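One structure, as C-alpha coordinates, below. Some questions next.
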Amino acid sequence: MPYVNIRITREGATAEQKLALIEGATDLLSRVLNKNPATTFVIIDEVETDNWGLNRENITTLRKREADKKAAG
Amino acid sequence: MPYVNIRITREGATAEQKLALIEGATDLLSRVLNKNPATTFVIIDEVETDNWGLNRENITTLRKREADKKAAG
Amino acid sequence: MPYVNIRITREGATAEQKLALIEGATDLLSRVLNKNPATTFVIIDEVETDNWGLNRENITTLRKREADKKAAG
Amino acid sequence: MPYVNIRITREGATAEQKLALIEGATDLLSRVLNKNPATTFVIIDEVETDNWGLNRENITTLRKREADKKAAG
Amino acid sequence: MPYVNIRITREGATAEQKLALIEGATDLLSRVLNKNPATTFVIIDEVETDNWGLNRENITTLRKREADKKAAG
Amino acid sequence: MPYVNIRITREGATAEQKLALIEGATDLLSRVLNKNPATTFVIIDEVETDNWGLNRENITTLRKREADKKAAG
(Lines give C-alpha, C1' and ligand atoms only; values in the text may rest on other atoms or scores of the structure.)
Protein backbone atom coordinates (compact mmCIF):
# COMPACT_ATOMS: atom_id res chain seq x y z
CA MET A 1 0.00 0.00 0.00
CA PRO A 2 2.55 2.63 -0.96
CA TYR A 3 1.87 6.33 -1.24
CA VAL A 4 3.81 8.29 -3.83
CA ASN A 5 3.67 12.07 -3.98
CA ILE A 6 5.23 13.69 -7.03
CA ARG A 7 5.65 17.45 -6.91
CA ILE A 8 6.47 19.28 -10.14
CA THR A 9 6.18 22.86 -11.31
CA ARG A 10 2.95 23.74 -13.09
CA GLU A 11 4.27 24.15 -16.61
CA GLY A 12 1.76 22.41 -18.80
CA ALA A 13 2.08 18.70 -18.05
CA THR A 14 -0.75 17.01 -19.95
CA ALA A 15 -3.21 14.46 -18.55
CA GLU A 16 -1.40 11.85 -20.67
CA GLN A 17 1.96 12.71 -19.15
CA LYS A 18 0.50 12.68 -15.66
CA LEU A 19 -1.03 9.28 -16.36
CA ALA A 20 2.39 8.06 -17.49
CA LEU A 21 3.79 9.19 -14.13
CA ILE A 22 1.00 7.34 -12.30
CA GLU A 23 1.60 4.17 -14.29
CA GLY A 24 5.37 4.39 -14.01
CA ALA A 25 5.40 4.98 -10.26
CA THR A 26 2.91 2.18 -9.65
CA ASP A 27 4.94 -0.24 -11.79
CA LEU A 28 8.15 0.78 -10.01
CA LEU A 29 6.73 -0.11 -6.59
CA SER A 30 5.35 -3.34 -7.96
CA ARG A 31 8.61 -4.35 -9.62
CA VAL A 32 11.01 -3.40 -6.81
CA LEU A 33 8.99 -4.25 -3.70
CA ASN A 34 6.16 -6.38 -5.05
CA LYS A 35 3.58 -3.85 -3.89
CA ASN A 36 -0.02 -4.31 -4.97
CA PRO A 37 -1.15 -1.73 -7.59
CA ALA A 38 -4.72 -1.95 -6.25
CA THR A 39 -3.61 -0.12 -3.10
CA THR A 40 -0.90 2.11 -4.56
CA PHE A 41 -1.71 5.83 -4.44
CA VAL A 42 0.09 8.34 -6.64
CA ILE A 43 -0.67 12.01 -6.11
CA ILE A 44 0.79 14.70 -8.35
CA ASP A 45 1.03 18.26 -7.05
CA GLU A 46 1.61 20.98 -9.63
CA VAL A 47 3.20 24.02 -7.99
CA GLU A 48 3.24 27.56 -9.44
CA THR A 49 6.72 28.58 -10.57
CA ASP A 50 6.57 31.61 -8.22
CA ASN A 51 6.11 29.18 -5.32
CA TRP A 52 9.09 26.90 -6.02
CA GLY A 53 12.57 27.98 -5.03
CA LEU A 54 15.89 26.48 -6.00
CA ASN A 55 19.25 28.07 -5.35
CA ARG A 56 17.65 31.12 -3.69
CA GLU A 57 15.52 32.10 -6.64
CA ASN A 58 12.09 31.09 -7.88
CA ILE A 59 11.57 28.96 -10.98
CA THR A 60 9.82 31.86 -12.76
CA THR A 61 13.15 33.70 -12.76
CA LEU A 62 15.11 30.58 -13.72
CA ARG A 63 12.82 29.93 -16.69
CA LYS A 64 13.05 33.56 -17.83
CA ARG A 65 16.84 33.41 -17.74
CA GLU A 66 16.82 30.16 -19.71
CA ALA A 67 14.50 31.73 -22.31
CA ASP A 68 16.66 34.86 -22.55
CA LYS A 69 19.75 32.72 -23.09
CA LYS A 70 18.02 30.76 -25.81
CA ALA A 71 16.81 33.96 -27.52
CA ALA A 72 20.31 35.40 -27.29
CA GLY A 73 21.74 32.06 -28.49
CA MET B 1 -0.20 20.43 18.79
CA PRO B 2 -1.10 17.88 16.13
CA TYR B 3 -1.05 18.52 12.42
CA VAL B 4 -3.61 16.70 10.29
CA ASN B 5 -3.44 16.76 6.51
CA ILE B 6 -6.45 15.35 4.67
CA ARG B 7 -6.06 14.85 0.95
CA ILE B 8 -9.18 14.19 -1.11
CA THR B 9 -10.04 14.47 -4.78
CA ARG B 10 -11.57 17.78 -5.84
CA GLU B 11 -15.12 16.67 -6.50
CA GLY B 12 -17.27 19.35 -4.99
CA ALA B 13 -16.85 19.05 -1.24
CA THR B 14 -18.70 22.01 0.27
CA ALA B 15 -17.37 24.44 2.88
CA GLU B 16 -19.78 22.81 5.33
CA GLN B 17 -18.38 19.34 4.64
CA LYS B 18 -14.84 20.60 4.93
CA LEU B 19 -15.72 22.23 8.25
CA ALA B 20 -17.13 18.91 9.42
CA LEU B 21 -13.77 17.30 8.58
CA ILE B 22 -11.94 20.02 10.53
CA GLU B 23 -14.21 19.60 13.55
CA GLY B 24 -14.12 15.82 13.39
CA ALA B 25 -10.34 15.55 13.10
CA THR B 26 -9.82 18.06 15.92
CA ASP B 27 -12.25 16.21 18.18
CA LEU B 28 -10.59 12.88 17.34
CA LEU B 29 -7.16 14.09 18.49
CA SER B 30 -8.70 15.64 21.58
CA ARG B 31 -10.63 12.48 22.49
CA VAL B 32 -7.90 9.90 21.81
CA LEU B 33 -4.75 11.76 22.87
CA ASN B 34 -6.10 14.70 24.85
CA LYS B 35 -4.59 17.17 22.38
CA ASN B 36 -5.50 20.84 22.70
CA PRO B 37 -7.83 22.05 19.91
CA ALA B 38 -6.29 25.54 20.17
CA THR B 39 -3.09 24.22 18.62
CA THR B 40 -4.53 21.55 16.32
CA PHE B 41 -4.07 22.28 12.62
CA VAL B 42 -6.19 20.57 9.97
CA ILE B 43 -5.31 21.23 6.33
CA ILE B 44 -7.43 19.85 3.52
CA ASP B 45 -5.87 19.46 0.07
CA GLU B 46 -8.25 18.98 -2.84
CA VAL B 47 -6.49 17.24 -5.72
CA GLU B 48 -7.65 17.22 -9.37
CA THR B 49 -8.90 13.78 -10.42
CA ASP B 50 -6.32 13.74 -13.25
CA ASN B 51 -3.60 14.06 -10.63
CA TRP B 52 -4.65 11.19 -8.37
CA GLY B 53 -3.76 7.64 -9.31
CA LEU B 54 -5.06 4.40 -7.84
CA ASN B 55 -4.48 0.97 -9.31
CA ARG B 56 -2.49 2.42 -12.24
CA GLU B 57 -5.23 4.71 -13.50
CA ASN B 58 -6.36 8.21 -12.64
CA ILE B 59 -9.57 8.95 -10.77
CA THR B 60 -11.01 10.74 -13.82
CA THR B 61 -11.06 7.39 -15.60
CA LEU B 62 -12.37 5.54 -12.56
CA ARG B 63 -15.24 8.01 -12.16
CA LYS B 64 -16.11 7.78 -15.87
CA ARG B 65 -16.25 3.99 -15.66
CA GLU B 66 -18.47 4.19 -12.59
CA ALA B 67 -20.80 6.64 -14.38
CA ASP B 68 -20.92 4.43 -17.49
CA LYS B 69 -21.81 1.42 -15.39
CA LYS B 70 -24.58 3.34 -13.68
CA ALA B 71 -25.94 4.57 -17.00
CA ALA B 72 -25.81 1.03 -18.38
CA GLY B 73 -27.39 -0.12 -15.09
CA MET C 1 -9.61 7.18 -1.72
CA PRO C 2 -8.59 9.76 0.86
CA TYR C 3 -5.15 10.06 2.37
CA VAL C 4 -4.91 11.27 5.95
CA ASN C 5 -1.58 12.13 7.52
CA ILE C 6 -1.59 12.74 11.26
CA ARG C 7 1.56 14.19 12.75
CA ILE C 8 1.98 14.12 16.52
CA THR C 9 4.91 14.40 18.87
CA ARG C 10 6.48 11.08 19.92
CA GLU C 11 5.36 10.98 23.53
CA GLY C 12 4.24 7.43 24.08
CA ALA C 13 1.05 6.99 22.06
CA THR C 14 0.16 3.30 22.28
CA ALA C 15 -0.72 1.00 19.39
CA GLU C 16 -4.30 1.05 20.70
CA GLN C 17 -4.45 4.84 20.63
CA LYS C 18 -2.98 4.92 17.15
CA LEU C 19 -5.54 2.37 16.01
CA ALA C 20 -8.26 4.60 17.45
CA LEU C 21 -6.90 7.46 15.32
CA ILE C 22 -6.92 5.22 12.23
CA GLU C 23 -10.50 4.11 12.90
CA GLY C 24 -11.71 7.59 13.75
CA ALA C 25 -10.17 9.24 10.70
CA THR C 26 -11.50 6.53 8.39
CA ASP C 27 -14.99 6.81 9.88
CA LEU C 28 -14.87 10.61 9.58
CA LEU C 29 -14.18 10.48 5.84
CA SER C 30 -16.83 7.83 5.40
CA ARG C 31 -19.45 9.77 7.35
CA VAL C 32 -18.82 13.24 5.90
CA LEU C 33 -17.92 12.45 2.30
CA ASN C 34 -19.05 8.86 1.87
CA LYS C 35 -15.47 7.75 1.16
CA ASN C 36 -14.76 4.04 0.96
CA PRO C 37 -12.77 2.72 3.96
CA ALA C 38 -11.19 0.05 1.72
CA THR C 39 -9.16 2.76 -0.01
CA THR C 40 -8.67 5.17 2.87
CA PHE C 41 -5.06 5.52 4.01
CA VAL C 42 -4.16 6.92 7.42
CA ILE C 43 -0.49 7.47 8.19
CA ILE C 44 0.67 8.60 11.61
CA ASP C 45 4.06 10.29 11.94
CA GLU C 46 5.53 10.53 15.42
CA VAL C 47 8.00 13.39 15.62
CA GLU C 48 10.71 13.82 18.29
CA THR C 49 9.92 16.70 20.65
CA ASP C 50 13.26 18.32 19.72
CA ASN C 51 12.10 18.41 16.10
CA TRP C 52 8.75 20.13 16.62
CA GLY C 53 8.60 23.87 17.11
CA LEU C 54 5.70 25.99 18.28
CA ASN C 55 5.95 29.61 19.27
CA ARG C 56 9.70 29.71 18.56
CA GLU C 57 10.62 26.94 20.95
CA ASN C 58 10.73 23.16 20.73
CA ILE C 59 8.23 20.92 22.47
CA THR C 60 10.98 19.47 24.70
CA THR C 61 11.27 22.90 26.32
CA LEU C 62 7.51 23.40 26.46
CA ARG C 63 7.04 20.03 28.20
CA LYS C 64 9.81 20.77 30.68
CA ARG C 65 8.20 24.10 31.58
CA GLU C 66 4.83 22.43 32.02
CA ALA C 67 6.40 19.79 34.30
CA ASP C 68 8.22 22.44 36.33
CA LYS C 69 4.99 24.37 36.79
CA LYS C 70 3.21 21.24 37.95
CA ALA C 71 6.01 20.40 40.36
CA ALA C 72 5.98 23.95 41.69
CA GLY C 73 2.15 23.84 41.80
CA MET D 1 20.10 19.14 -0.11
CA PRO D 2 17.31 20.26 2.21
CA TYR D 3 13.65 20.40 1.29
CA VAL D 4 11.55 23.11 2.91
CA ASN D 5 7.78 23.17 2.55
CA ILE D 6 6.02 26.29 3.77
CA ARG D 7 2.25 26.14 3.99
CA ILE D 8 0.33 29.38 4.43
CA THR D 9 -3.24 30.46 3.86
CA ARG D 10 -3.96 31.98 0.45
CA GLU D 11 -4.49 35.57 1.47
CA GLY D 12 -2.65 37.61 -1.11
CA ALA D 13 1.05 36.96 -0.53
CA THR D 14 2.88 38.66 -3.40
CA ALA D 15 5.58 37.13 -5.59
CA GLU D 16 8.05 39.42 -3.79
CA GLN D 17 7.00 38.14 -0.38
CA LYS D 18 7.19 34.56 -1.56
CA LEU D 19 10.66 35.19 -2.94
CA ALA D 20 11.65 36.61 0.45
CA LEU D 21 10.49 33.34 2.03
CA ILE D 22 12.53 31.35 -0.50
CA GLU D 23 15.64 33.44 0.13
CA GLY D 24 15.19 33.42 3.89
CA ALA D 25 14.66 29.69 4.17
CA THR D 26 17.63 28.95 1.90
CA ASP D 27 19.86 31.28 3.89
CA LEU D 28 18.69 29.74 7.17
CA LEU D 29 19.71 26.22 6.10
CA SER D 30 23.00 27.55 4.79
CA ARG D 31 23.78 29.48 7.96
CA VAL D 32 22.75 26.85 10.52
CA LEU D 33 23.76 23.61 8.79
CA ASN D 34 26.03 24.77 6.00
CA LYS D 35 23.66 23.37 3.37
CA ASN D 36 24.33 24.19 -0.27
CA PRO D 37 21.79 26.66 -1.74
CA ALA D 38 22.23 25.04 -5.18
CA THR D 39 20.39 21.96 -3.93
CA THR D 40 17.98 23.58 -1.48
CA PHE D 41 14.32 23.33 -2.49
CA VAL D 42 11.68 25.62 -1.01
CA ILE D 43 8.06 24.95 -1.94
CA ILE D 44 5.27 27.25 -0.82
CA ASP D 45 1.71 25.91 -0.68
CA GLU D 46 -1.08 28.46 -0.46
CA VAL D 47 -4.18 26.92 1.07
CA GLU D 48 -7.73 28.28 0.79
CA THR D 49 -8.98 29.67 4.11
CA ASP D 50 -11.95 27.26 3.97
CA ASN D 51 -9.46 24.37 3.90
CA TRP D 52 -7.38 25.33 6.93
CA GLY D 53 -8.65 24.58 10.39
CA LEU D 54 -7.36 25.85 13.72
CA ASN D 55 -9.13 25.44 17.03
CA ARG D 56 -12.05 23.58 15.39
CA GLU D 57 -12.96 26.35 12.97
CA ASN D 58 -11.76 27.36 9.53
CA ILE D 59 -9.67 30.44 8.90
CA THR D 60 -12.47 32.02 6.84
CA THR D 61 -14.50 32.25 10.05
CA LEU D 62 -11.53 33.41 12.10
CA ARG D 63 -10.79 36.20 9.63
CA LYS D 64 -14.43 37.29 9.57
CA ARG D 65 -14.52 37.50 13.35
CA GLU D 66 -11.31 39.52 13.37
CA ALA D 67 -12.76 41.91 10.76
CA ASP D 68 -16.02 42.26 12.71
CA LYS D 69 -14.09 43.07 15.87
CA LYS D 70 -12.07 45.69 14.06
CA ALA D 71 -15.21 47.24 12.55
CA ALA D 72 -16.89 47.27 15.98
CA GLY D 73 -13.65 48.61 17.52
CA MET E 1 13.51 19.98 -10.19
CA PRO E 2 10.89 17.44 -9.15
CA TYR E 3 10.40 16.18 -5.62
CA VAL E 4 9.23 12.62 -5.17
CA ASN E 5 8.19 11.28 -1.78
CA ILE E 6 7.64 7.55 -1.54
CA ARG E 7 6.03 6.28 1.65
CA ILE E 8 6.12 2.55 2.36
CA THR E 9 5.72 0.42 5.45
CA ARG E 10 8.94 -0.44 7.28
CA GLU E 11 9.17 -4.10 6.45
CA GLY E 12 12.79 -4.69 5.58
CA ALA E 13 13.38 -2.90 2.28
CA THR E 14 17.13 -3.12 1.63
CA ALA E 15 19.44 -0.25 0.66
CA GLU E 16 19.62 -1.85 -2.81
CA GLN E 17 15.84 -1.86 -3.19
CA LYS E 18 15.62 1.72 -1.98
CA LEU E 19 18.30 2.71 -4.48
CA ALA E 20 16.26 1.02 -7.20
CA LEU E 21 13.29 3.19 -6.18
CA ILE E 22 15.49 6.31 -6.33
CA GLU E 23 16.84 5.39 -9.76
CA GLY E 24 13.44 4.38 -11.10
CA ALA E 25 11.65 7.50 -9.92
CA THR E 26 14.40 9.76 -11.27
CA ASP E 27 14.35 8.01 -14.64
CA LEU E 28 10.55 8.24 -14.76
CA LEU E 29 10.57 12.02 -14.36
CA SER E 30 13.37 12.30 -16.89
CA ARG E 31 11.61 10.12 -19.45
CA VAL E 32 8.10 11.54 -19.13
CA LEU E 33 8.77 15.23 -18.47
CA ASN E 34 12.42 15.64 -19.42
CA LYS E 35 13.30 16.64 -15.86
CA ASN E 36 16.97 16.97 -14.95
CA PRO E 37 18.21 14.17 -12.63
CA ALA E 38 20.73 16.58 -11.10
CA THR E 39 17.88 18.41 -9.38
CA THR E 40 15.49 15.52 -8.80
CA PHE E 41 14.95 14.65 -5.14
CA VAL E 42 13.56 11.30 -4.06
CA ILE E 43 12.80 10.80 -0.37
CA ILE E 44 11.65 7.45 0.99
CA ASP E 45 9.77 7.36 4.29
CA GLU E 46 9.49 4.00 6.01
CA VAL E 47 6.49 3.94 8.33
CA GLU E 48 5.95 1.48 11.20
CA THR E 49 3.15 -0.99 10.44
CA ASP E 50 1.32 0.15 13.61
CA ASN E 51 1.23 3.67 12.16
CA TRP E 52 -0.27 2.88 8.75
CA GLY E 53 -3.98 2.29 8.43
CA LEU E 54 -5.91 0.86 5.51
CA ASN E 55 -9.53 -0.16 5.63
CA ARG E 56 -9.86 0.83 9.30
CA GLU E 57 -7.11 -1.44 10.56
CA ASN E 58 -3.35 -1.13 10.88
CA ILE E 59 -0.93 -3.02 8.66
CA THR E 60 0.38 -4.99 11.65
CA THR E 61 -3.03 -6.67 11.87
CA LEU E 62 -3.30 -7.11 8.12
CA ARG E 63 0.11 -8.81 7.97
CA LYS E 64 -0.77 -11.09 10.89
CA ARG E 65 -3.97 -12.17 9.16
CA GLU E 66 -2.08 -12.84 5.95
CA ALA E 67 0.49 -14.92 7.85
CA ASP E 68 -2.24 -16.87 9.67
CA LYS E 69 -3.95 -17.63 6.38
CA LYS E 70 -0.72 -18.86 4.88
CA ALA E 71 0.02 -21.03 7.92
CA ALA E 72 -3.50 -22.45 7.77
CA GLY E 73 -3.12 -22.83 4.01
CA MET F 1 -0.78 29.98 11.40
CA PRO F 2 1.91 28.78 9.01
CA TYR F 3 3.24 25.25 8.89
CA VAL F 4 6.89 24.77 7.96
CA ASN F 5 8.32 21.33 7.27
CA ILE F 6 12.09 21.13 6.95
CA ARG F 7 13.49 17.86 5.68
CA ILE F 8 17.22 17.22 6.05
CA THR F 9 19.42 14.14 6.01
CA ARG F 10 20.10 12.59 9.41
CA GLU F 11 23.74 13.50 9.79
CA GLY F 12 24.09 14.65 13.35
CA ALA F 13 22.23 17.95 13.57
CA THR F 14 22.22 18.89 17.26
CA ALA F 15 19.23 19.99 19.31
CA GLU F 16 20.75 23.48 19.31
CA GLN F 17 20.96 23.57 15.53
CA LYS F 18 17.42 22.29 15.21
CA LEU F 19 16.24 24.97 17.62
CA ALA F 20 18.03 27.57 15.46
CA LEU F 21 16.04 26.28 12.48
CA ILE F 22 12.80 26.52 14.46
CA GLU F 23 13.59 30.07 15.59
CA GLY F 24 14.77 31.16 12.16
CA ALA F 25 11.77 29.78 10.29
CA THR F 26 9.34 31.29 12.80
CA ASP F 27 11.04 34.69 12.58
CA LEU F 28 11.04 34.52 8.77
CA LEU F 29 7.27 34.04 8.61
CA SER F 30 6.77 36.77 11.19
CA ARG F 31 9.03 39.24 9.35
CA VAL F 32 7.81 38.61 5.79
CA LEU F 33 4.11 37.94 6.31
CA ASN F 34 3.47 39.17 9.85
CA LYS F 35 2.47 35.66 10.96
CA ASN F 36 1.92 35.03 14.65
CA PRO F 37 4.70 32.89 16.23
CA ALA F 38 2.17 31.48 18.72
CA THR F 39 0.53 29.51 15.91
CA THR F 40 3.57 28.81 13.74
CA PHE F 41 4.51 25.13 13.53
CA VAL F 42 7.96 24.03 12.42
CA ILE F 43 8.56 20.30 11.99
CA ILE F 44 11.99 18.92 11.15
CA ASP F 45 12.24 15.49 9.53
CA GLU F 46 15.64 13.82 9.59
CA VAL F 47 15.92 11.27 6.79
CA GLU F 48 18.44 8.41 6.61
CA THR F 49 21.05 9.00 3.90
CA ASP F 50 20.06 5.67 2.28
CA ASN F 51 16.54 7.05 1.88
CA TRP F 52 17.38 10.34 0.17
CA GLY F 53 18.17 10.38 -3.53
CA LEU F 54 19.68 13.17 -5.60
CA ASN F 55 20.92 12.79 -9.13
CA ARG F 56 20.00 9.10 -9.22
CA GLU F 57 22.12 8.09 -6.26
CA ASN F 58 21.58 8.06 -2.52
CA ILE F 59 23.30 10.49 -0.17
CA THR F 60 25.23 7.66 1.49
CA THR F 61 27.10 7.19 -1.79
CA LEU F 62 27.51 10.93 -2.33
CA ARG F 63 29.00 11.37 1.15
CA LYS F 64 31.38 8.43 0.62
CA ARG F 65 32.61 9.92 -2.63
CA GLU F 66 33.13 13.28 -0.96
CA ALA F 67 35.09 11.62 1.86
CA ASP F 68 37.21 9.63 -0.61
CA LYS F 69 38.03 12.79 -2.52
CA LYS F 70 39.05 14.55 0.66
CA ALA F 71 41.22 11.61 1.74
CA ALA F 72 42.82 11.52 -1.70
CA GLY F 73 43.22 15.32 -1.30
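All chains are identified by letter, namely A, B, C, D, E and F, in their written order; residue positions are counted from 1 within each chain.
Basically, contacts are C-beta pairs under 8 Å (C-beta built on N, C-alpha and C of every residue); 3 or more make two chains touch, one makes a residue touch a chain.
The model shown is predicted, which means the values in this text are computed figures rather than measured ones.
Visitor: If you check the contacts of subunit A and subunit D, which chains show up for both?
Guide: Both-contact set = B, E.
Visitor: Among the listed pairs B-C, A-B or A-C, choose the one whose interface is a repeat of A-D, with over half of the contact pairs the same by residue number.
Guide: Over half of the A-D contact pairs recur in A-B.
Visitor: Does A-C or C-F have the larger number of C-beta pairs in contact?
Guide: C-F
Visitor: Using CA atom averages as chain centres, what separation in Å is found between subunit C and subunit E?
Guide: About 22 Å separates the centre of subunit C from that of subunit E.
Visitor: Can you work out the whole-Å distance between the CA centroids of subunit B and subunit F?
Guide: 29
Visitor: Can you list the residues of subunit C that touch 2 or more other chains?
Guide: As it turns out, subunit C has residues touching two or more other chains at 1, 3, 7, 21, 25, 39, 41, 43, 52, 54.
Visitor: Quick check: in the complex, which residue numbers of subunit F touch subunit E?
Guide: 7, 47, 50-58, 60
Visitor: Report the residues of subunit E in contact with subunit F in the complex, numbered from low to high.
Guide: Listed in rising order, the residues are 15, 18-19, 21-23, 25-27, 37-46.
Visitor: Which bits of subunit A are touching subunit E when the two form their complex?
Guide: My answer: residues 1-9, 13, 17, 20-21, 24-25, 28-29, 31-33, 35, 39, 52, 54, 59.
Visitor: Write out the stretch or stretches of subunit B touching subunit F in their complex.
Guide: Going by the criterion above, the answer is residues 1, 3, 39, 41, 43.
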